[in-house]
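Paired with chain B in one complex and with chain C in the other, chain A is shared by the two complexes that follow.
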Partner chain A sequence: MKIDVRHIAKLAKLRIPDEKLGQMEKELSSIVAMVEKLPELTGSTNLLDPNNTMELRKDEIVPSMPREDILKNAPKAAAGCFIVPKTVE
Partner chain B sequence: MKELHQYSATELSALLREEKVSATEIAKASLARIAAVEPTVDAYLTVTEEKALANAAAIDAKIAAGEELGALAGIPIAIKDNICTKNVKTTCASKMLGDFVPPYEATVMERLNKAGVVLTGKVNMDEFAMGGSCENSFFKATKNPWDPTRVPGGSSGGSAAAVAACEVPFSLGSDTGGSVRCPASFCGIVGLKPTYGAVSRYGVVAFASSLDQIGPMARTVDDVELLFSTICGRDPRDATSHQYTYEKAARDLKGLRVGLPKEYFGEGITAEVKAAVLKGVKQLEALGASVVEISLPSTDYALSAYYIISSAEASSNLARYDGVKYGYSGRRDAGLDELYLTSRSEGFGPEVQRRIMLGTYVLSSGYYDAYYKRAKRLQQMIAAEFTEAFTKCDIIATPVTPTTAFKLGERCADPVQMYAGDICTVTVNIAGLPGLAMPCGYDAGGLPIGMQLIGPKFSENRLIAVAKSYETAVGGFAVKEM
Partner chain C sequence: MSNKYEVVIGLEVHAELNTKTKIFCSCENRFGAGVNSLCCPVCMAMPGTLPTLNEQVVEKAIKMGHALGCKINGTTKQDRKHYFYPDLTKAYQISQFDVPLCEDGHLDILVGDELRTIGITRIHIEEDAGKLIHDDGRDDTLCDYNRCGVPLIEIVSEPDLRSAEEAKAYLETITTILLYLGVSDAKMQEGSVRCDVNVSLRPVGAKEFGTRCEMKNVNSFGAVYRAICYEAERQEKVLDAGGVINQETRRWDDPKGESILMRSKEDAQDYRYFPDPDLLTFIVSDERIAALKAMVPELPTARTLRYVSDYQLSRDDASLLSLNKARADFFDSCVELGGCEPKLISNWIIGDIAKLLNERRIEIADTALTPEHLVGMVKLISNGTISNTAAKTVLEEIIEKDIEPETVVKEKGLAQINDSSALEAVVDKVLAANEKAIADYKSGKTNVLGFLVGQCMRESKGQGNPNTLRDMVTGAIEKL
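Take a look at the complex of A and B:
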């Protein structure tokens, strides 16, 4: 089966240069061929682990991280906000 | 005479309490060892020398003042670089997080700091913990202290090599499909992948959240136990973490039933590995255990299920790297989409991009049922087979890896061959069980071989008790002279 690498890359927000498309397709195909080895299974799927009933924390007001500490790692910040490229004309 | 850097954490702790050595001397010995062997081993990405000496001095001041010491006071530790350390760079061995300095501590770090540990630095790994050789690091390849032309295993290769080279007595790694146990096995040390939920994941950079666990690595079973008992237990910031306190189990192996699953000793496992593991099991029998043959028939499908589930979760988890909030940021002058595309394509390495692509593919419209849903069903089947097996035995013994440490570069060209190395370890993550790797012999070239002990959920104390009995019976695990 042919994998549409360009389409998958678009969904994943990755840019794969034209000269590497062939290699990525080859690698993905061999990985998919490996993972395709699955038996036909029927029946319901419970996607949550019944033995791990996640215990949510109490909804209490606690101090949050200081804004300036968070923004220290931002590639670009100003006036206490993240800066992004202009998205609306 | 034994030098300071060769002592275990348990021994150092006793020496410190008897005031035969100071925390500063211990820290200096560790830092000197790091300086001496790093040119060969390349385990560290960041050495926190100043912080280590300051922390050690603070412990010494506490001793001088007669204050009570934490359980790990003054013991040097290396931390895998995907575990957040406040104000200490945490790169995940990725260009994406090359300059990331966490503004908070992971829960495990809070617990370790409270116990008085001395952080010596952050250690290398496969980028975002994706890999089995430590070669996928953006920065450098770590070498195996037993043979520097070989890989230390992965993804926690730096954590294993730092311990095996006696740079620190113990370290933390993380294990999503074998990433603590594989490098422990390749480097001849002990590594524990705890039950899912035994240790808080708050502050570990997410790879596959339903499989990830932080695990301790050390040269002795006692040190693994000491470290595990410090980091485990409920954390309100990780909803999947359990109320759990570690209690030592009896170290008597009489009546212990050891299950041998035939599926783990078949094709692909080298004869030397098989022989060493079976010899290890013989030793357990000599200590009073009995052996039961068991079967885990879905093992053949485990790799498929693992790579589907882990890549699906990774593609979703790694969607957060957008070049805006933190991490590598690409082109900003051509719109938001261009910023996303350039940040991600330039910031992630080839293996991470492959996994994101695979995860996106198996979750994409039209393929979700065929891949992800089937893999999740298979996960339940694998877990049920383990539950069934544990009605016939108390622990399961298997190899950790099909081969011993391979040469640097040997498997880089073929991702599928690299993935196949995870065959004995992924089932444990898929079923959410604890697994312990410990040395059980050597191949003809003198490289360590590991044995894996698997137990029911929250049976870490049993695995540790069995490993301890084994370790004592064989007179301790060998340390490579360097």
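Take a look at the complex of A and C:
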């Protein structure tokens, strides 16, 4: 399988120098080749696992974290909000 | 648009569910709270936290699935959808990919007098993203994550819609059903229902679909209509000039009335879906799925058709009545009591009662009005005890407090005067004051009769029987 390293790097927002592209393509190809075998091993393509299921949570409110605590890890905050570089889609 | 092309439209409707808590954590799900006040380590994607799926999200989504005639996948899972944008704290959205909770459904909609069946591809559950605030005065972006993790259902239609009118009717029916089921507040103006619209054109008679464009940010019934008209015309111009339509995503700017290119297919997102390893497969039992189906009430389109066939209401009146479940339920209770024309009850509910409720911004359940009292009032009109005018006064009283309409009539002296001898003075006075109107009437302008009867009604403080007054006025003028 041909891997388009440039495309994947763009999606992952990674800057990869040209001289590394060849090596990356080789490494990623072997990883993908390995991972592609996994569906055969599980015997299923949609990966549902009815023998290992989860319980659902009751819809009951638990108080949220105080805003000042939530913002503690923010590199930049203002007006009660997290600040990120200007993003307009 | 010319008749050369057929417009093909598919809608993706996102509706926020009105659960108490978010989809994967126990933070409150509420609109309008202070910024970042409804957040916790789970919805903020702190390392080491794990999502737990809210049972009510699954149940409400299944109800909608039943209402839209879907097959319910009782054994399903959730998948990660990846994109980098700061409205997502995790840099992926938990959604559903290949096994949606509901699929293969259909929805009947009324477009004018035509009944159309629109295919529903799927309904899946997912989380909403946070809100980005772009302030012109700042060179950065503010993030409010209260909405991050609010539960959504995404309802995807087949490309079965053929006009802007149909798309608008489809969206209106979807929001009405959400309200009927009580699963969403369905307020487009608050963003709890949002819509992406796919539009393509093909020559009339063609089997193949044309290349489609997706329009995002279409957030009102009117905007859906305008966006589709604009996009269909834009594509027609390109095709007529010998061009080709590029598959692209466009943003609808409703105030400007135009769509703007966001990204072409080459830049299209590659979402790299895979099953979320933090969440396991979940199962909803067949018994529970059946129990949820039993909770689905008669839906608005079926109700409209029933009102037309059983009670001879006009299609417009029946639609208007069915639009609001509480009011339609009230109407049904009145009709069950019997003793008066369903059409008269409907007129009061969609007329004066709706007006009073809208003015006060309340619902019928917030008033003292009972089906018994409304039926009682309508009977008083039908048997000539009160006039329509006096009934409006009665209505205001029985909406305010739990009181028999007969009591209001007695207390306020609203009984209609049908006895002509008691109205003679009124007619004499009005005719004496309106010599010009009488002359007009005699010269053939008989439409002044309505004015004269109106004056008599006013003079009798709304108590005179208008039919009696009409006969008396014409009789008196002829004798003059």
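As a working rule, the second predicted complex is superposed on the first by the 71 of 89 C-alpha atoms of A that agree within 3 Å, B and C clash if a C-alpha of one lies under 4 Å from a C-alpha of the other, contacts with A are read in each partner's own complex, and residues count from 1 in each chain.
To be clear about the criterion, a residue touches a chain if its C-beta (ideal position, glycine included) is under 8 Å from a C-beta of that chain, and two chains touch if they have at least 3 such contacts.
As the structure is a computational prediction, the values presented were derived from the model and not from experiment.
Within the superposed three-chain model, A:M54 lies in touch with chain B and with chain C [touch as defined at top]. In the superposed pair of complexes, A:C81 makes contact with chain C only, with no contact to chain B. Between chain B and chain C, the partner in contact with more residues of chain A is B. Once the two complexes are laid over each other on the shared chain, residue contacts for A:K2 go to neither chain B nor chain C. In the superposed model, A:K72 makes contact with chain B only, not with chain C.
In the superposition on chain A, chain A positions 11, 13, 46-47, 49, 52, 54, 56-58, 65, 70, 73, 76, 82, 84-87 are in contact with chain B in one complex as well as with chain C in the other. Of all residues in chain A, only 7, 11, 13, 46-50, 52-54, 56-62, 64-65, 67, 70-71, 73, 76, 78-89 touch chain C in the complex they form. Interface residues of chain C facing chain A in the complex, by the touch rule stated above, are 19-21, 26-28, 34-41, 44, 46, 52-58, 75-77, 82, 84-86, 98-99, 132-134, 138-145, 251, 262, 270, 272, 275, 279-283. Against chain A, the residues of chain B that register as touching in their complex are 99-101, 103-104, 196-197, 210, 234, 236-237, 239-240, 242, 298, 300-301, 303-305, 307-308, 315, 319, 322-329, 332-342, 344-345, 348, 353-354, 356-358, 360-362, 364, 371, 373-378, 380-381, 415-416, 419, 432, 457.
Of all residues in chain A, those touching chain B in their complex are 3, 5, 8-9, 11-16, 24, 27-28, 30-32, 34-39, 41, 43, 45-47, 49, 51-52, 54-58, 65-66, 69-70, 72-76, 82, 84-87.
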